[in-house]
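Each chain gets a letter, A, B, C, D, E, F, G and H, in the order it is written, and its residues are counted from 1.
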Amino acid sequence: MDNELKHLLEGVKSGEVSVEEAILKLKEKPFEDIGFAKVDTHRKIRQGTAEVIYGAGKTAEQIISIAETMLSHGQKSILITRLSSEAAVSVSRRFPLQYHEIARIGTIGALPPPDGVGQIVVATGGTSDMPVAEEAALTAEFLGNRVTRLYDVGVSGLHRLLAHLDDIMSARVIIAIAGMEGALASVIGGLVDCPVIAVPTSVGYGASFQGLAALLSMLNSCASGVSVVNIDNGFGAGYLANMINHLEAGK
Amino acid sequence: MDNELKHLLEGVKSGEVSVEEAILKLKEKPFEDIGFAKVDTHRKIRQGTAEVIYGAGKTAEQIISIAETMLSHGQKSILITRLSSEAAVSVSRRFPLQYHEIARIGTIGALPPPDGVGQIVVATGGTSDMPVAEEAALTAEFLGNRVTRLYDVGVSGLHRLLAHLDDIMSARVIIAIAGMEGALASVIGGLVDCPVIAVPTSVGYGASFQGLAALLSMLNSCASGVSVVNIDNGFGAGYLANMINHLEAGK
Amino acid sequence: MDNELKHLLEGVKSGEVSVEEAILKLKEKPFEDIGFAKVDTHRKIRQGTAEVIYGAGKTAEQIISIAETMLSHGQKSILITRLSSEAAVSVSRRFPLQYHEIARIGTIGALPPPDGVGQIVVATGGTSDMPVAEEAALTAEFLGNRVTRLYDVGVSGLHRLLAHLDDIMSARVIIAIAGMEGALASVIGGLVDCPVIAVPTSVGYGASFQGLAALLSMLNSCASGVSVVNIDNGFGAGYLANMINHLEAGK
Amino acid sequence: MDNELKHLLEGVKSGEVSVEEAILKLKEKPFEDIGFAKVDTHRKIRQGTAEVIYGAGKTAEQIISIAETMLSHGQKSILITRLSSEAAVSVSRRFPLQYHEIARIGTIGALPPPDGVGQIVVATGGTSDMPVAEEAALTAEFLGNRVTRLYDVGVSGLHRLLAHLDDIMSARVIIAIAGMEGALASVIGGLVDCPVIAVPTSVGYGASFQGLAALLSMLNSCASGVSVVNIDNGFGAGYLANMINHLEAGK
Amino acid sequence: MDNELKHLLEGVKSGEVSVEEAILKLKEKPFEDIGFAKVDTHRKIRQGTAEVIYGAGKTAEQIISIAETMLSHGQKSILITRLSSEAAVSVSRRFPLQYHEIARIGTIGALPPPDGVGQIVVATGGTSDMPVAEEAALTAEFLGNRVTRLYDVGVSGLHRLLAHLDDIMSARVIIAIAGMEGALASVIGGLVDCPVIAVPTSVGYGASFQGLAALLSMLNSCASGVSVVNIDNGFGAGYLANMINHLEAGK
Amino acid sequence: MDNELKHLLEGVKSGEVSVEEAILKLKEKPFEDIGFAKVDTHRKIRQGTAEVIYGAGKTAEQIISIAETMLSHGQKSILITRLSSEAAVSVSRRFPLQYHEIARIGTIGALPPPDGVGQIVVATGGTSDMPVAEEAALTAEFLGNRVTRLYDVGVSGLHRLLAHLDDIMSARVIIAIAGMEGALASVIGGLVDCPVIAVPTSVGYGASFQGLAALLSMLNSCASGVSVVNIDNGFGAGYLANMINHLEAGK
Amino acid sequence: MDNELKHLLEGVKSGEVSVEEAILKLKEKPFEDIGFAKVDTHRKIRQGTAEVIYGAGKTAEQIISIAETMLSHGQKSILITRLSSEAAVSVSRRFPLQYHEIARIGTIGALPPPDGVGQIVVATGGTSDMPVAEEAALTAEFLGNRVTRLYDVGVSGLHRLLAHLDDIMSARVIIAIAGMEGALASVIGGLVDCPVIAVPTSVGYGASFQGLAALLSMLNSCASGVSVVNIDNGFGAGYLANMINHLEAGK
Amino acid sequence: MDNELKHLLEGVKSGEVSVEEAILKLKEKPFEDIGFAKVDTHRKIRQGTAEVIYGAGKTAEQIISIAETMLSHGQKSILITRLSSEAAVSVSRRFPLQYHEIARIGTIGALPPPDGVGQIVVATGGTSDMPVAEEAALTAEFLGNRVTRLYDVGVSGLHRLLAHLDDIMSARVIIAIAGMEGALASVIGGLVDCPVIAVPTSVGYGASFQGLAALLSMLNSCASGVSVVNIDNGFGAGYLANMINHLEAGK
């Protein structure tokens, strides 16, 4: 903002820009500038490297059109979440699309080399939590993180989880994904000292009430360092994990 | 029922009882007989050894009056649950009452020697689950069971639970009591092969919703062999555990 | 674990195994050993006799692959729950599968001769509870239990239930299955002295809220000895009933 | 309405009342007349025999003032529901009040001789449902009905209920009151052919959720002829039962 | 029961029946006899005039088979509720079926001449409540009642309701059916002195939560004489209304 | 009403109408007159200009028939809400229908020139809230209002909202539409001094619970001047906004 | 903002203000200016005439301190909502406070003369809704509106409501307040053409669930022009009604 | 663990420890070692610097006893959360306790100098959220973090929030605390690129349902990087923020 603003004010000073014109310009765009401030810190992601399209509720045409704009602005990689297999077919006719069916994610362009500080562990209670887990894992990988997948390590078979204690303990941030009783987050949270992002899934039946049981269970975790995102929100967990994994000494 | 019935029918046959009288008698009491059938299998508990009074919502006077009737019928021990400390004072003026404050349980008479097949483990997630746990444990002890207490072995500190693996694995039936996220039942259920009775407690705050979170979590347990009783229902869990622990080869 | 461990330590003692190697080995697998401890008590079920595959959310290919592994390890019988009729067709092309359509259960191999202590009664409130009931009954039979089915004995027609009083009273454990108001568990629980496993079903409409009404009703049962599993969880009830019915004097 | 209206129109005809005046009068009060129509059918209750004051949220002074107005208009008996014992003391200083503590009901004046067609049975699942039951029973008695009380006949001790089968079967209308699992209404509804008014109570703990479990259970009753009123609404049930018990051949 | 019983006891007296045989017989069937007692009061409905089949969850074959049995036992009319149009086609191939599509009701045989004491009014808030209303109305007509239909008289257009005040006020019992806010029951309950059976419907969207809003609204009705049945339970309302409308002076 | 009434009374006065006839007439139609009173204030909308048909749950035939009646009574424009595209095809065969697919709205006849006092702003949190927003906007336009659309200005990208501060601040009434967290209403309500009508939408997944999260959020808005309509109720919001925007000095 | 901004830019132009200084100033306060824009439109309320303190959760000392600041800035009247009687005593020691106990509202200074366009009607279903109603009414009066109170006009006694039809129909905006079934808003909404602000109250018991039943009922109102505020939010309704009643032709 | 283990194995090797002894030791304590592994990473917190006691549900005596043990083990500072003012008085008699009344937190010993990487911002929607905010802030400070407090910056007065944009944008992690509608987390999450920990509070009334509205709102946040902890869980948020703020480059 500063440069643009400085330029404008210097124009006022020199008389090139009238006061009225300056008022108009200042009123017109201050909030874009706030946005710009944000975009600025987002630069690595938004400008030329990686960008995300939330595919749910968008037609293949809309997705293609957004992607085209992005690519024409120099974007090199695009992540499309909640992309149905039907829409994927249409999109892949227009771009070289990599489609990850389980995660319902499509990617255009190459994955960046991982530049996160440590590694992210994505753990699930059961195999049926995989779609959410893959959404989280692919999102994190797409944003430049090394990801270790530990699937089907639910607490009713504790030995499976404990067999991976080394992986769990060496993570910088862990995404714990579980439906049904959702206890995985608590158990992991009790084993480690790093942030644990809990993702309840809508997997289950009966009194799981589409993820409500897991959600409440995770919110009530007695383990410190556990926080929760929305039911099935693999993308949100992957994004937050990436954010934490890219926190640097400088800030 | 058979003897009484046989006697009646023989009376009809011999003419001592008229057909009309017999009809009347048969219509009058068949259901008491059904009840009696049940009382019969209840004999050990109900006749002379042990009996339970549910104290909630009863005045001290009502409790005293019921206890007097029981004792006058030969009852030797009485368990009073949900007994407030105020009522306990009144009751203890009339009978030699042992009052367990944490469990809000009063007992009259000696505990029976344990005659259950194995031992019952009562485990809790936290120390604040103790009132429910003691209600369960004392109920089971009062009904003739050996009880091992494992308190504060919640899943966010897994090592505490695992340190007692021997106790857990040698139990014939386990009562797993937890508020908050309620994951204890699943973890224990995954470690053992015996029935696990899960008791959600109303301990917690916020999104625990007075035990709802723990209840849903326990109902959704992925571990086989886990079933659930009502929130804070320590008595029910102790009673069911006793029932299972007294199942004999003969039936 | 002991043998393996003993062997390792003797290796250390004899110098065949270095201390460092031993540390590595001990760190690597202790939890598998815990699991093994469990497998051990599970031996009768897991080694060569009977094994269960939870079919929901698995493709026919995945099921076939798991079953193949099991059979190649000497498994003689396999129970597949929540198996869709479509998947059943695929699986039956590969193995001699018996498919129970109502229960959505497939079995490979012969049922074992019943070796449980007593008999299990499976009772339902209505005919529409049958899918859940059959899942429970077949699971119990598959695990070696004699099962008596009492269907459509709901409490709004009490005489149907009471007409089967003998069956009910001679059971070692009862599975009470009901949707709508779920009162069956309470009524049965009041008639018998054995454990009653209540299964709410999602049968019903309106304020049954997909089984919630029955679930709450069952959790609030005034009858002692009643515990509850998840809505529609016939398998869980059958498994727990089997567990209770196989409790022996020795433990 | 007719007489008043006729009088007015005759005034218009004769010229005593101007057209404008008549318009004004007709616009002013048509709805009071509708109200009057209702009061008319209410005559037996409202004019001189019996009247009800809902005491909740009213001060003793307000209750006294309303009662005074009623008595001064010729009312002979007054029923005051939800009357706290404190307010009862104040009210009894002013009027000869009969206070029924359990039901929190006060009555002024004598009960009418019963003139209902048949008898009303009030049944409860437990003794703690008595306050609601007495509110229902006293309301019905106050409105001129014979009432049979069957308390503590809950379904977990079926023999108690069946022992009173004659009472139950001879009722013209039954009020079934229960907290906890609320199954009483279904069981009674399955035994009889008369209307059953179900009243859930807030008695219970944990997953009874202040009467919600009983409410849902009763709404889902499989028995025909069962309908439900609000939780703890003893008055409403007594009033409706009275209404049904006074239905005559003529209407 | 008496006759059968008398006969049996006389057999005992005369020696034709041994005491043991009599015991066996008495144990075998007492509960059927209780059931019989009920069937007895049901006679008018069940024996030769009218019978009901709940069609939901039954195949056309099952319905046909039940109907055949009924007809072969002398049943003249049969009411089939929740009958899909597909099943109706199959059933109508076998019997002369009248199918009421909106109500999803099929009838076999002629309607009986109305023999209820008064008339039943079925009122709905909107036109979309018609399926439930027709289920109620047809059920009542099928059981021998005169029914007046007042559809689309919801409280947001009060004049429509008030225009039918005469119908409403001359009813012996009213069924008030509404989705959305469910206020119809309260308004009608405030206008009349006869029992009002409220039926919430699942009609609506958003915060109607499939009938929950209407259900709660109706349970909280301030009007006396209102009781509630399950969401969309037109049959239950029609059946209860019929019961009330057939109450006679004699009982 | 006055004219009709006056005429009647003058008839009575002159003797042309008998008192009895007058009574009958007065009793017959008072409520229609009340309705008429309302219709009167509705005149601009109902008589010849604009009328609304709620299309949900109506067949194309029913809609056509209602529209024909309206047009034959002089109606010039008709708005049909919740009109499926299939029904639209049928309706358009009969009338020149304009179909707005996103809003599922059909209009017959020309839009009126806007005659509201100010302008209505329709703002949405995301693009997926558009169907509800268009229903609101088209309803308002159809009733004679100028509408400014601000779509996708959700609070997680505040600069987009603030960039339109001028539009927001110049509105006479604002409709704030959002699913997910529903914060838009609060933020807008805090920025402006005009009434804000909040519309939660069922857009979202997981813990949005079909609009419940947005609904609760909006009801709890800390901003003054915010009120809420039902989930997805775009029509209701548009109608209320129109009402407020047409409030005149005179009343 | 423009003047300040213009001044600053002219300073830049003239050289009095350096570019760097200007950048700093522009970055520092843009959002205060936005706030100011709002305060501006709030002028009538905030500057010297009327101001509101939300008393809930504030100590008497905090309230006094806020009030002192307001008065010292020229405020003439202050409205304090949710003021406990204890706090009122303390506040009244410092200022001449008028305390309205039922509404828990305190006012300092004189009420302004009403300057709203029309009149606001505040209607309640029962007398126990009065605290919320008085909060609404006093808020509206305090902000300069004429208010008509119609209390206890609930829909179960329709004649009471209809007797006040003139008041209702002459309102510019109506606040409909009701607990229990909440139908008042729908009935009133169906009678009038002006905006209706519905306020559910927590009055009631059982299935009213502290206002939830009334809230859902009101959200589902079929009447157009009805919107809803939070349970018991009398202030919010009064404030919004005032806003609508002060809408002028000019905007 | 390694050292202890190595020592044991060397004992085995050397013959000092028998194989049987070693087996016993290895079976006895492996899980304590896991715990130890965790304690190890916790070292900075647990050994000598800072330790936390959760005071809720503990008596003053229990708290004193735990604190004494900690201090005797070399602990220098102790944080006691949820400490009632009564218990604080008792504890302060024994130790030099600093009691923070609003946060209900007591601290023994000096705060450590802040050693976190960046700063933590704690923002609240209203002043009544302060208890939760102070719990979070004091926890974070106690664990060695610089904390900036931004209270009462709720979204209904956006300018207050935006006025602190610099603070917000310079944070390494933000704790956003709000009751009522909970929109604060979304708005902040949209402004920054750092992790946002959302804490719903039980502040509010009516449809806030003790924090449920804020909880759902926060879970549905459209802003990336937002995760949620339990209602009122200030400690959990402070602890997690500390964890994130101490993440170092090395891991």
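Rule of thumb we're sticking to: contacts are C-beta pairs under 8 Å (C-beta built on N, C-alpha and C of every residue); 3 or more make two chains touch, one makes a residue touch a chain.
Computed from a predicted model, the values in this text were never measured in an experiment.
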| item | value |
| --- | --- |
| Chain whose mean Cα position lies farthest from chain E | H |
| Between chain B and chain H, centroid-to-centroid distance (C-alpha), Å | 39 |
| Separation of chain E from chain H, taking each centre as the mean of its C-alpha atoms, in whole Å | 60 |
| Centre-of-Cα separation between chain F and chain C, whole angstrom | 56 |
| Touching two or more other chains - residue numbers and ranges from chain G | 30, 34, 38, 157-158, 162, 165, 191, 206-208, 212, 215, 219-221, 224, 230-231 |
| Interchain contacts (touch definition) - all pairs | A-B, A-C, A-F, A-G, A-H, B-C, B-D, B-E, B-H, C-D, C-E, C-H, D-E, D-F, D-G, E-F, E-G, F-G, F-H, G-H |
| Chain C contact footprint on chain D (complex, rising order) | 125-126, 154-158, 179-183, 186-187, 189-191, 204, 206-209, 212-214, 216-223 |
| Contact footprint of chain G on chain D as seen in their complex | 29-32, 34-35, 38, 56-57, 200, 202, 210-212, 215, 230-233 |
| Chain F to chain A touching residues, read off their complex | 127-128, 157-163, 203, 205-208 |
| Complex contacts: residues of chain H adjacent to chain A | 34, 37-38, 41-42, 117-118, 165, 169, 172, 191-195, 197, 215, 219-221, 224-231, 236, 239-240, 243-244, 247-249, 251 |
| List of chain A residues in touch with chain G within their complex | 1-2, 5-6, 9-10, 12-13, 15, 19, 22-23, 26-27, 30 |
